[in-house]
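Each of the two complexes below includes subunit A, the first together with subunit B, the second together with subunit C.
Up next, the complex of A and B:
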């Protein structure tokens, strides 16, 4: 998408004549390739040769989504259905040309797209399940394509179409290969996405892809079972990784896994209480080290933990059987910890903000108005917030109003 | 419309103390974009052409220069991108996708050309476009796929609602289900991600808030929590980032502040500081805006930077609608004055 973070190297230098000619040549080459693919597809040449041509083009321009779609059609209407000798020219269904976009599109599974495409022609086999088994060309093609994609993804890790195409390939594998073979492919994806997240531990495409891969590997159709324990461990590893505690992507994932993790462990009330204590301990000790009390990722995770106590309806809870008194006790304890934390971090706005939020939350939980001390404390903390963070003065104005009500 | 970046570079040190919005250079920059066919990048960005036309045209409208691109050629180009299934691709011959279909409808709305769909569009006119969009709804979950290949993302709900509402065909889809789906994407921090379980991201938050605005269901948003998270996107220098601990970028001047505006909390950030950051991303001589001062300008950041300024009611810019990212005037002309009188 456009140019993100591309510094301008030299002042709008005029191209030399040689550079101009070279660029002209590159444009010609690129457009010739485009036209060649178009012409071959118009002739319904669904061959490996054309697949190669699309590879060449996509290496030059991985954002060219229509060519990724051409590639999908080459595979499902031609190549997947062929015997291993795939040099012959097959006539595909007349509907499946470049412009065939008539299929029911709200359906997720690409197998449904295949079966509705009207296999009424000379295509030799039902293209949906041509080579169900271990040695078919379908597996080779999928494997080959996954390998082709990897270096492009490393180079363009934020290109939506790449992640999307990759997922489509694997879903094709689910449809046309035996489940143990498909599972093997998905397993390798977990390693791949691990590598991608090592390169950029905040890449949200990567985290999203990981979620999908895991949910496939857990699914009964691939003979899977829950991976919540290993995924939880993964977030622990990431939190202690390069971006460390400022890796909010990892904290976020952790927040989503915890309720399920405890359910699947059949955790007792006592275990859950201990779990919550440990998570508080983890985040608070993090805040005491390095510069973390000033980093917002840690505070948002802290907010998550507090939310399970204060807004316990509607959010995955850690301690569902806590009584209102238990909850109030925990919040009170946190208020003490926060006040202690101010010592030496008097310039940390996050602490003041948390103190006000959770003092007010405690009053709501106990269905009472703030007492005089609490009101005075809040006023003092609010004054600090205004001083430390004048950019958000409009927010502090609204907060002040809400304190008055 | 070219998506080629440059030639300009955003200022940073050469700007005078008193920052100004340059208008004429931006207009010229956008007008020049389609003349750069001798650059390889022009061809490499063809997959964004229709979006690019929307970005450029919207920027021109906000600059009060709606006629700076020729109307007839604009409509001709949009219609040339329509596929047989009613949807629009990025350029002629490219496959239809919701991302471009929404841009096509927005462009037609801006040039008062929606009626051209009946006259010169594919058979079925506006209804063909509406049906294309409606067929992409997953009727079980309520969400939308981007195209026939099934990728789902909350951005596509926004594209669908923008397109359908401007065509007055929202009745073709199950709004309640789509709204429920958006609610299922909400996180503890009040934000939204690409799908249930995904991390909050300002771009997705914009998409979800815009969809909820159009569906009149902003009551579903936890406005204080979301407002707090969004306001923390403003960094020291005044710019906004998209997620915690990321770099600021001019495009988030739009995604974040429009979301804050939709939930009534735009005053939770420092608008003056943000304006200065955006102005610093201009190339005052050659026109255009970049993601950050010192980087290459492009039409994407030009649009979203100017839209951010317009939202902050910067002097000399048209009022912008936070959900549609189009001039309010246009939205009002298409949807009628009652759209803004809704309570």
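Up next, the complex of A and C:
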């Protein structure tokens, strides 16, 4: 399993006879489990017993997505609480061993409604809480599955199926549970994803999941409010944490939050200008702490900031009301800063690249051709680029062509 | 019961300070007959921890002995009880330690405590923020940057300086392979080296020197001594979790380790006698074997093959001495412990560095001052109070310097709310090695223990059986304690 910064080692150790036999035994066990599950599903035994079997198998192989699908079916068709007129797809198996399990909540005798295939009424639904029964067992099952998933996710933090299944569970919660209960679950997810990102701050599954969780918590369906301020603060923390300056996901998320952040703050033009200044300062200081081999995350964020100036049609999100003069002034200033940065970092190809790109952009913005000095500078910078990054000579050829035109 | 003289001991260890206790731990599975004595009535020796009452007793002993070593010149001050502010609590509410050394994550001590299985009896807490005092600016305490991200957001460092500082950091974590850069300057002062080779300003020189915990000012710190210490600091961060690079055992620092180690020694069959020291010893021969015949201070005579830790007297010249203050403050000083790192544990210790000449004018301060702030999380004081451990090299006015530093600390935090409730001043002379004074646990101690262990184990067999500090769990032992994470 790949992790950042951890080299993968091929397993080429010789095996003893004992090890080989043990491995064969494990393979047999695995295959038997697989067959047993298939058989039971074919018989439509959508029971907790089979759920447990899938748990066993999935712990061994969380990538076996078919079994995750089996599990989904088990829950939807067999185990989740049904409305009391159960014209449901329940199994005929009378020994659905729900009563023996801890999953069935003890206070909730609606569990007995599931064992029988007809309507149930050992305890009539309390009219004041018509959904209590439904919430009870479904909630327990969802919670149980979320807990079941957690240690596996810790072990395999980059397995797509785990994240997907988790999301599916929570969406089921959205659909079948009361919104305040569902909201509680999503809140816990925020804490969980926070922990996963402390463990590996650059796991993009984690960041994607966080985006999803936050959007759910913000949604009016769950009585949510905007979390853009706290999420922005979170990206600040992550950028300033360990290896944060090269955390592409954190920078990326930050860039995505900024437009909405400024809108919600009702930011004036002056505030927006200050904000842009502060972000430039942030990224420039970050770049000054870098050295060969330079990291690209910071440069991508720099590029994002520059788009509000150079590519403002559709992207002028930070300073939409900048005049063309403002934009030109800012780009000019950045070119000075970049030239300055070069002094002491002559081996950084990103600076040369940025200098060329933004010199050309300035010309475009001012609707003019580059003057002689600019042409000469770009030629010098291009020459450096060719030296520093010879693998991309084709690209530099193209760049040269476009400079000439 | 057998008297001590009935046994022919393999080793007689005198003193239950940290080093000797670690030796007892190392020998606890060897089957050797160990007699471990200490002239004090408490464990820990020069690394012991005390309740307030025990401090009074210790004080009396030191003040009553002109030739006291290694502690001398001790005095105690207590605040007048005043209405309104909570004062000093009862004696046992405090565990003031003579050994608040921080233990870096990369120190071998931690892995030895784990492999010897005694780690489960210890609870380690994080050393969190490091601060540097800057008398020039308004907000006088600045965070000491621990790495690239800290440097990047430090507004007091301009961009070019950031780059130079990063160049130095990159160099120092790899210094062992970059000998051509520093070996020619191995004995030069750190300040000059940083200035010439890395263009670091005096302010940044202070920052880097602070990471060495050196008692000398930065122009007198030898480069070859400084580089490994800086590297250790920087590479320890994040090893056990985000935001910290060192730990301190709860309930009294190294004193607690001594206790636990001696306990292991006792479980291994060692016999412990407190309040007893070595009075005299002479070599005798018995059955062709050379033994030491020792008269203990309780009148008993014992025979042993080896003696460890007998006070051989100090033949060393140029022994360093430090001045120390242990102070209790009536505030939890929460601002010092706030972490900006996502996922970092609650820290129990904060380190404050006062570079030489940084204190307000009026106090001549040739040497740096270090204050380790221990919150009540360490178990050393009641909640809403802190214990401060201040250290500086002994000089004519070192007591005044320490007091000025404490006062500056209180002024720059919490709007001056914290009040001093208790202040114990003393001086400590180094014992055999500098390691005994080091503010961070010095692995030299472990090396010394290992050497002693090797010599002792080589008796009888001439070969070494077993590995140093590598033990299996005793039967039934690992059922008692919970899964031994370091309590973070």
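Note that in this section the second predicted complex is superposed on the first by the 333 of 405 C-alpha atoms of A that agree within 3 Å, B and C clash if a C-alpha of one lies under 4 Å from a C-alpha of the other, contacts with A are read in each partner's own complex, and residues count from 1 in each chain.
Note that contacts are C-beta pairs under 8 Å (C-beta built on N, C-alpha and C of every residue); 3 or more make two chains touch, one makes a residue touch a chain.
Quick caveat: nothing in here was measured; it's all calculated off a predicted structure.
Using the contact criterion defined above for the overlaid structures, shared-chain residue A:60 touches subunit B, although it does not reach subunit C.
Shared-chain residue A:394: touches subunit B; no touch with subunit C. Touch criterion not met for A:151: it reaches neither subunit B nor subunit C.
When the shared chain is aligned, subunit B comes close enough to touch A:208, but subunit C does not.
Taking subunit A as the reference chain, the count of touched residues is higher for B when subunit B and subunit C are set side by side. Contacts of A:223 after superposition on the shared chain: neither subunit B nor subunit C is touched. Once the two complexes are laid over each other on the shared chain, residue contacts for A:320 go to neither subunit B nor subunit C.
Counting contacts by the rule stated earlier, residues 243 of subunit A appear in both its interface with subunit B and its interface with subunit C.
Contact residues of subunit B toward subunit A in the complex are 3, 5-9, 38-40, 43-48, 83-85, 87, 89-90, 93-97, 135-139, 144-145, 147-152, 187-189, 193-195, 197-201, 227-229, 231-232, 234, 238, 243-247, 249, 265, 267-270, 273, 286, 290-292, 294-296, 298-301. The touching residues of subunit A, counted against subunit B in their complex, run 1-8, 12, 20, 23-24, 26-27, 30-31, 38, 60-61, 63-66, 69, 72, 98-99, 101-110, 113, 160, 164, 167-168, 202, 204, 207-208, 211, 243, 246, 248-249, 252-253, 255-256, 295-297, 300, 303-304, 307, 315, 390-395, 397-398. The part of subunit C that touches subunit A in the complex is made up of residues 147-153, 159-160, 162-163, 166-167, 170, 237-238, 242-243, 340-343. Of all residues in subunit A, those touching subunit C in their complex are 194-195, 197-198, 201, 234, 237-245, 282, 284-286, 288-291, 344-345.
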